[in-house]
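Working notes, beginning with the structure itself.
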Amino acid sequence: EKKTQPTPSGEAGTQAAQGQAASPGGGTPASADTILLGQVGALTGGQATFGISTRNGIELALKEANAAGGVNGKKLAIRVYDNQSKPEEAAQAATRLITQDKVVLILGDVASSNSLAMAEKAQAAGVPMITPSSTNTTVTEKGDYIFRVCFIDPFQGFVMAKFAREDLKLGKVAVLQDNKSAYSIDLSGVFTRKFTEMGGKIATTESYSQGDTDYRAQLTAIKKTQPDGIYVPGYYSEVGVIARQAREVGLKVPLMGGDGWDSEKLFELGGSAISGSYFSNHYSPDNPDPRVQKFIADYKAAYGGVPDALAALGYDAARVAIEALKRAKDLSGPSVRDAIAQTKDFPGVAGTVTLDEKRNAVKSAVVLKVGDGKTQYVTTINP
Amino acid sequence: MSEAQVKTLGERQAFAPLLTVEGIKVHYGAIQALKGVSLTVGKGEVVALIGANGAGKTSTLRAVSGMLKASAGKIRFGGQDTTSLKAHQLVPRGMAHAPEGRGIFPNMSVLENLELGAYLRRDTAEVKTDMEKSFTLFPVLKERRTQMAGTLSGGEQQMLAIARALLSRPQLLLLDEPSLGLAPQVTETIFRTLREVNQTGVSVLLVEQNAHLALNCAHYGYVLETGEVAMAGPGKALLESAEVRRAYLGE
Amino acid sequence: METPALPIPEARTLVPPSLRGVLPVLIAIPTLVLFQWALSGSDFATYLLSVVGVNIILAVSLNIVNGMTGQFSIGHAGFMAVGAYIAGYCSLQLKEVALSFLPVAASDQVLFTVALLAGGVAAAACGFLVGLPSLRLRGDYLAIVTLGFGEIIRVVVQNTDAFGRALGLSGIPQYSSPGMVFFWVFLVVLAARRIAGSSHGRSLWAIREDEVAAEAMGVDTTGYKVRAFVFSSFFAGIAGGLFAHFVPIINPGSFTFVRSMEIVVMVVLGGLGSTTGAFVAAIFLTLLPEGMRSLFGALGTEGSLAQRVDQIRMPIYGLLLVVLMLARPQGLFGTKEIWDVLPRWLPRKRRGLA
Amino acid sequence: MSANVTAIPVASSEPVLVADGVSIQFGGLKALTDFHLSIRQGDLLGLIGPNGAGKSTAFNVLTGVYQPTQGVVRVGGTQVNGRKPHQINLLGVARTFQNIRLFRALSALDNVKVACRAQTALHQSSLSVGSKLRNAAHNYADWWRSLLLTPGFQREERRLTEQAEHLLDVMGLSHRRDEEARNLPYGEQRRLEIARALGSQPRVLLLDEPAAGMNTREKADLMVLIRKLRDDFNLGVLVIEHDMKLVMGICERITVLDHGETIARGAPAEVRSDRKVIEAYLGDSYLESHGGAA
Amino acid sequence: MAQLLQHLINGLAAGTIYALVALGYTMVYGVLKLINFAHGDVMMVGVYMGYATAFAIGREARGSFLGIAAVFAVAMLGCALMGFLIERFAYRPLREKPRLTALITAIGISFALSYGFQLDIGFLPGASPRAFPEIIEPTEWLIIGDRDVVVWNWQVISFLIAVGLMVGLQYLVFGTRFGRAMRAVSWDHRVAALMGIPTDRVIALTFMLSSGLAAGAGLLYAIKDTSVSPLMGLYVGLKAFVAAVIGGIGHVPGAVVGALVLGLVEEFVVGYAASTWRDAVAFGFLILVLLVKPGGLFGRVAAEKV
């Protein structure tokens, strides 16, 4: 027996949304002339820095928009909740934003499990959600209210495989993945597949857990296989130390990674050991585009330090949202959703955003080389 | 202060006062264990404290040695007000308490237990001779020197507790039911030792169920009833009193 | 005068004995239906109450092992994980199935119950395994085994493709409703109370008080400890299953040892051995962070402090635990139950009653 | 054979509890050597000896707390070496402890009920897998009965309560029914321990220094009580006690241990005048004050 | 072969750190029977104190002996003070209370510290991991072959410190008056007081010692792995606790041996089996040890005389 699946389709969700989020006609509890947005992110716990970077980026975008007159005369405000890097907390916070704070739109988390939990709630309630930096494919598959402004894991894995094989001309690469992070496992999977398809060889796959600080065992095991390079699709918080210890055990080959590497702290944590490594990213601070440079300057002024990719994506996601709010015919869920879906050629600091029918941004990726205290643009790879 | 009507039998031998307890009260949560107990122990005197189960004998000793804080009343020891002193501050002033339930350290050897008795003493050589003395008093302990105290039999533990208390060279020894669970012979040994110890000038405050033994040995005795002193008098006089014989000797 | 394990009150003539077993259920079901109906339409309350309910089940069930039996388990999240993953997996597999003779909603609930029970039974089986070492291990050593078990479960899940590895299981149908969650809350509380009042409960108390004496009085201490573990982990598994069906995403990060500690905190704060204490503490500690959110929310949305309120919550939570424990070291109700303690907190009433 | 204890014929002349050449060693220490003992229902026996002679150890071996290194312990004809204390208790052997071990936070009534409860459990008659499984199934089913509050279960609970109340009454503790055990005075705690032991409906009762901490008057009462219990419950009683008045006053036969070895055994009068016993245990002064043989 | 040797060295180095932290657990447990769950977090705070000191004294001073001494002194004294305060205000009031209550306050303090240090307000460092400045310049102490096996100076230093501390603490506990007092307090502090032992002071000193040790251990850890974060206490603390239990909690050499064994087990699981299963194997190993020896490798389950 098959049954008609009661997945929260757009229609069901719309009704719910009209019942709640949109009922005050776009007005928010704060006041009639403010539009309230919500963000859920990791502000505490192992992934806290990602949530905080994202928050800063979003905050910057809102400040700018408000300075420029807001949305149709209304000011923008945001409420940020912590999810402690746990999906149930993300779901709870999202539900609170939607039903208590009655936000018109929520901005999601970095970690895909948490964004997925939020997406379930947002989709069911018919409140649009944009995730700035969840790259896992499944997130936007939750429904038509869920969008993202970044590329997806398969693309990023492909980018690095291509770069390793064609630009660096590596033959044998070892993989060191973060077993606690779906993102890392995904990238490592795609990379492995693509790299072997292109004729390369995977020497070995080792793993660690987020929060570890001693990787010598894995690196010693990797060293035995004598690879030409090591793909470490993890977060900068671990990668920096991995680089140091790789040098310590005598591994001199280049390290490669993904956008999780992007942080100013990478240089601090990795010291000179990380120099000469490569990672794929959403944007390069080297990009001479004045918009990008202005963003970097503003960010530096507000928070100190060069914005990382998460901040840039948070900034872009917020701006995509704001633009859509301006275009939307009212502030109800479906209208905002439709407005977001129409986003096309939006000039973000982390690349141009065009949302495809799967609500994913189709963007090119850049490959950066880590230098002494800063990154250096190497190449752009298109989808 | 609800001072009870204390029935006093006979005259007390004159001793210079060492310990004076005045109207102390003790509470365990809502339960009032002592309702104003007063007693004195003289220098070189043996004083027995008898009474039924739950009368408050143990509580009295605990309050005296600082294990418990009295909620009212005054305690003077060796010419000082010690009411608010803690247990470990009373030891250097000459108080030793072999508590109810023996309180030996089961995971330490017999020897270490004894050494703890002399914890505050620095005169290593004399501690050695004192230790030898206790070994002559209680030969079993010498045999079991290295055994973990927790695996001693009940009686052996009691001997250990007393020997340990003596090792601090106290002026006043508080003993809580030292004969509990002891073979008759050992009980005798202990009481003989008590007398010997007393001969060397140590005062003893003794809690005992065996009223016969205790009062025989004591210069003076107090009878506690439900947290109050009901009777007091020289040991022999109490022993002869009809009330004591009926209530505590079962005659 | 109260006794810790309240015996079943005798000779309550109002209800015939044959009815007493089922009467609470007869009362509970319509109440819960009403409750469910009253909640419909308020999603946040629904969500929050579901979380509260799940935590109550966890705390009350852990109390059976930690409070009543005096064992020390700090791996409860592990059992919860087993229940969550097994039940979640079942539901994902059965998502497309419907029982043709029932309406869709009813069929869903039937399948959900099957999935829950599967999770509960799997957790109970694990509880059996973890209980076995209690034959040889005491106190803190047993505790560390339970902790180790919880961590092993996490690693196993993290390495199993069928369980979605680090990403976890998502898209689990949202079958849990507060009515359902609180039906299980009701069951666990009733079960815990009835165990406590029965000879089995007394045997558990006896083990907690003095294992040697209990054994000498004919109590099969090992058997009882294992049964306490089985019983308690069954409900933890159910709690996990309920949890999986409203979040509705589970990943290994939700079942860490910190989670286990949070449940232990609820039990101790409620008073070891007090079912109602665990109940109240679970409610309080679950709502506390959310309450702080509301409190801070009143500060508005502007300014950097307002943006950081969620970060400040957790350290405050930690300090509050210290303060609470210092203020009530014996826990909320000690080993007693709320109806034993409450009259004493209301002094005037007591005098009236006495 | 899963016979219920209560079904065993009363006043059998068969020994219930037998120790046959039991020895136990702790490291190098021989705590008990070649110990023999046989108790029938209705017997009132004494076990005495100096401190550390091995009396409590003998109790521990008889009740399964320690496993003997040599020898055999039998209860009702079954060898019980290797069984757990609770299994031995179910076969009809109950005890008290030298250092009181009550369930301190439980009410007096519940203390007794814990022991009463044992009678509803299955006897694990053999150590076979089948019997273990049956046992487990029974136990889990039993939990369900209490969860469902079946009428049978309620009846059982009432029976337990009545039984426990009766025992409290016998031991003169009725007024303490709902008091937490830790709040009872010492003497009453001792009596509660006996009441609890009786709860398991033993055929043999082992008392480890029941009079310790009692005054002379209370001891006299206890003597009467022990005799009464023996008669009313048709018990075999084995008492460890250092109070000679009590032991000599009530025991029919006495075994004397010293350094783990049995140095004498017989009627009180014989034991009392035994040279070895006087040397090892009683002391010469005892002889003086009690005027030698009776 | 070379690889095996390298793994051996890695494992011992990791175990050494666990050992240093485990010693603190074991000491507090030995005296109070309290699993001090905040121990790892105290260590974390100590590391941040050292971190701040290292910056305060400036880059040049760091490598010098005085500089290193300053970093260690500030961290260890600071932590000892913190340990004192925690004991005084969070544990002492609960000493007569059920054991679990102090455990809960320990958890509370652990939460407060580990989350508090994630804040980025004022002097607090923020959630992100930071690189610990190089106060001891890493140099190769021994090189075999073409860098097939490398032993670093800090590995040797840490190992020697751990072993030295183990011997020292063992002596302290079993060879000194203070140690005897500790053991007496551990069994029953009320009776210990009757021996004239100032129990409060003994417990406070034990706490201070254990906290100071934690800070020292944390600094060696930070030198070894260079990365410090507010959550480091949680991760290291848990492993060190496991190590202490493997060795028999409360047992000083046991803690060190247990830690070294744990470090080696983890290393070899990663090196020769599957790195994903490391934690499961570590805990599985723990459970196995306890099933065979219920008191840990060295601990004895206290013989209870009935």
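Couple of notes before you dig in:
First chain written, first letter: the chains are A, B, C, D and E, and each begins at residue 1.
The rule is short, and it goes like this: contacts are C-beta pairs under 8 Å (C-beta built on N, C-alpha and C of every residue); 3 or more make two chains touch, one makes a residue touch a chain.
Chain labels with UniProt names: B, D = ABC transporter ATP-binding protein; C = Amino acid/amide ABC transporter membrane protein 2, HAAT family; E = Amino acid/amide ABC transporter membrane protein 1, HAAT family.
A quick note: this is a predicted structure, and the numbers were derived from the prediction, not measured.
Touch-path distance (fewest steps) from chain B to chain E is 1.
With contact taken as defined at the outset, chain B and chain D are each touched by E. Farthest chain from chain B (centres taken as the mean of C-alpha atoms): A. Between A-C and D-E, more contacting C-beta pairs join the chains of A-C. Comparing mean CA positions across the assembly, the chain most remote from chain D is A. Centre-to-centre spacing of chain A and chain E amounts to 37 Å, using the average Cα coordinate of each chain. Separating the centre of chain C from that of chain E, both taken as means of CA atoms, is a distance of 33 Å. Separating the centre of chain A from that of chain D, both taken as means of CA atoms, is a distance of 72 Å.
For this pair, chain C with chain D, the centres built from the Cα atoms lie 41 Å apart. Of all residues in chain C, those that touch two or more other chains are 158-159, 212, 308, 311, 314.
For chain A, the set of residues that touch two or more other chains comprises 43-44, 48, 179. Residue positions 151 of chain B each touch two or more of the other chains.
Of all possible chain pairings, those that touch are A-C, A-E, B-D, B-E, C-D, C-E, D-E. Those residues of chain E whose C-beta lies close enough to touch chain A in the complex are 3, 6-7, 10-11, 13-14, 115, 118, 120, 126-131, 138, 147, 150, 152, 221, 224-227, 229, 231-232, 234-235, 266-268, 270-272, 275-276, 278-279. The touching residues of chain A, when paired with chain E in their complex, are 43-46, 48-49, 52, 179, 206-209, 211-214, 216-218, 220-221, 223-224, 237-238, 240-241, 244-245, 248-250, 263, 265, 268-269, 271.
Residues 29, 33, 35, 37, 90, 93-94, 97-98, 100-105, 107-113, 115-116, 118-119, 121, 234, 238, 241-242, 245, 249, 276-277, 279-280, 283-284, 286-287, 290-291, 294-296, 301, 304, 306 of chain E are the ones touching chain C in the complex. Partner chain B is touched in their complex by these residues of chain D: 26, 29, 49-53, 56, 98-99, 183, 185-188, 209, 212-220, 242, 244, 281-283, 285-286. Partner chain A is touched in their complex by these residues of chain C: 41-44, 47-48, 51, 95-100, 104, 107, 158-159, 164-168, 170-171, 174, 243, 246-254, 290, 293, 297, 300-302, 307-308, 310-311, 313-314.
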